[in-house]
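For reference, chains read A, B, C and D in written order, and residue numbers begin at 1 within each chain.
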Amino acid sequence: MNDIQKRVTASFNAQGLMTTLGATLSLVADGEVHIEVPYSPHISQQHGFMHGGAVGSILDSACGYAAMTKTPAGSEIVSVEFKINFVRPAIGDRFVAVGKVQTAGKLLLVSAGEVRAYTGNDYKIVALMQATMMNVQK
Amino acid sequence: MNDIQKRVTASFNAQGLMTTLGATLSLVADGEVHIEVPYSPHISQQHGFMHGGAVGSILDSACGYAAMTKTPAGSEIVSVEFKINFVRPAIGDRFVAVGKVQTAGKLLLVSAGEVRAYTGNDYKIVALMQATMMNVQK
Amino acid sequence: MNDIQKRVTASFNAQGLMTTLGATLSLVADGEVHIEVPYSPHISQQHGFMHGGAVGSILDSACGYAAMTKTPAGSEIVSVEFKINFVRPAIGDRFVAVGKVQTAGKLLLVSAGEVRAYTGNDYKIVALMQATMMNVQK
Amino acid sequence: MNDIQKRVTASFNAQGLMTTLGATLSLVADGEVHIEVPYSPHISQQHGFMHGGAVGSILDSACGYAAMTKTPAGSEIVSVEFKINFVRPAIGDRFVAVGKVQTAGKLLLVSAGEVRAYTGNDYKIVALMQATMMNVQK
C-alpha cells in the first residue's frame, strides 16, 4: 500500500459503523474511493431493500475518503454536508459506493458519487450524491 | 396507539437497520416523529463520535415517518432525496432525531429535521436536514 | 440604522442582480433578513410564474445576509452551497424571502429560509432552503 | 431544428428571466442542454462577480431542459428541488451552464450540471448542481 492507501485504510478501519454495516474498502486511488457492502437483512428498510441511510453511510464515507486522497499527511476530512438522491430501490446482491473528487480547494472540497447495486455482474445506479468536505488539520 | 402510530410502528419495526443501530421510536404525532439511539462504538466514525451516516439514517427515517403521518392508510413513503448539514461533532450519551413535515402535497412532501445530541438533560443540535418524500400507493 | 443594518444594506445595494430583479431589503434583524420583490414578467419562467432561479436568488441573499448579522465587522459572507425545494408554483403579487440563521460557527454558518408568495395579505410558502455560508475575513 | 429542440427553444424563449439575465440556449442535445450568458454588472453580487443566484438560475434551467429532452411531447418539466455548490468566485467573460440527465424515471428525473466561467478560451468550473425534476403532463 502507498501512503494515501495507508491513511485511508487506517481511518476506515477505525469507523465502527463500517464494520457494523459489513462494509469494506475496495479501491483507494487518487481522487476516487470505492466502498462495498454485501446485502444483508440487518441493513434493510421496511421492504427488505437496503435502507437509504445505509446507502448514504457508505457513499458519505466514499466521498470523504476520496477527498482525503487530495490532502497532505496530517489532514483529516470532515463532512460539512451532503445531498443524496435515491433513484431506484436498492435491490441487489452487493452494493458499491463510488466517491470521486470534483474540485479540491485548500479548505473545502466537493465530491460526487453513486451507489451501484449489483445483481451478478450487472449493476444499476440506485443513488447519487454531491457532498462538501472540509480539510481539517489534526 | 392510534391508527397512524400503529402504521408508523409497524413499518419502523420492519427496518432491519434501525434495530442494528439500536434505534427506537420515541414520538409519533401528527406531522412529527422522533427516533432515539443511545451512543455505542458500533455506530461510530474514526474518532469514536457517532458516524454521519448513522446520524443521517435516523433523521431520514424520522423525516419519512413524519411525512407518513400526513398520508391516508395504504400509503407508503419513499425518500426521494435528502440534504443534511453536520454542524457539530456528534458527541453525546444519546441522540434524538426530530423530523417535522413542512409542506404536504398529495404526491410530494417536504420534511425538515434535526438531530439533538444529549449529554444528560442538555442537548446540542449536531445535524440539520431538508428532505423530499413521495407518497406511494401500495 | 445600526451597524449591522448599515453593513448589510451597503453590501445588498452593491448587488447588481438585486436591482435587476427589483428586490429590496425589508428587514435586517439579529439572525434574520427579509428580501422582497414584486411580481414582474421580467423574472418569470415559461408559464409566467416567478422563475425558480429568481426565487433562489432572493432566498440565497436573504440566507447569506442573515448569516452576516452573526459576524463581526470586517467579515464577508460567501455562499458555500444551498439546497432549495420548490413546493408550489410561485404565483403572487409579491414575494418575500425570509432567511434565518440556524447555527453559527466561527467559519461556517447554516441558514434556513422560505419564500412567501403574497396575494393581498395572505401568503403561501413556495420554496424552502437550507444553505451553508462561510465567514471570510476581508 | 428537430422536435425536441423546438420544444426546448419555445419554452426557453417564454422564460422572462432568461432574457433579463441575457442568457441564450447554445446546445440542445439528447440528455444535455447548455445555456450561456455574457458577464454583465446587472447580474453581479457585491464584488462585481456573477451572483450565485444568477449562476443557479441558468444551471437550474439547463438541468430542467436536459430532463425535458428525455420526455415525450406534451410533457412539461418542473424543478422539484436543486442543490448547488459554489466552488470558485464566478469571474469570467462569459458563463456556460451545462446540464445533463443522470437518471430518467417516468415521473422523476435527476440532472447534474456545472457552470463554466470562461476567460477567453479557457474555463474554470465555478458551480456544481444536482437537481430533481418532475415530468408533468400538460
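As a convention for this text, a residue touches a chain if its C-beta (ideal position, glycine included) is under 8 Å from a C-beta of that chain, and two chains touch if they have at least 3 such contacts.
Since this is a predicted model, take the numbers as computed values, not measurements.
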item: Chain whose mean Cα position lies farthest from chain B; value: D
item: Pair with more cross-chain C-beta pairs in contact, given A-D and B-D; value: A-D
item: Chain centre separation in whole Å, for chain B relative to chain A (CA means); value: 21
item: Centre distance in Å when chain A and chain D are each reduced to the mean of their C-alpha atoms; value: 28
item: Inter-chain centre distance, chain B versus chain D - centres from mean C-alpha coordinates, in Å; value: 33
item: Per-residue multi-chain contacts in chain B, two or more chains; value: 80-81, 83, 85, 108, 132
item: Chain C contact footprint on chain D (complex, rising order); value: 11-12, 14-17, 19-21, 40-48, 51-54, 56-58, 60-61, 78-86
item: Complex contact set, residues of chain D against chain B; value: 80-81, 83, 108, 132, 134
item: Chain D-facing residues of chain A, complex; value: 83, 85, 87-88, 102-103, 105, 108, 110, 112, 125, 128-130, 132
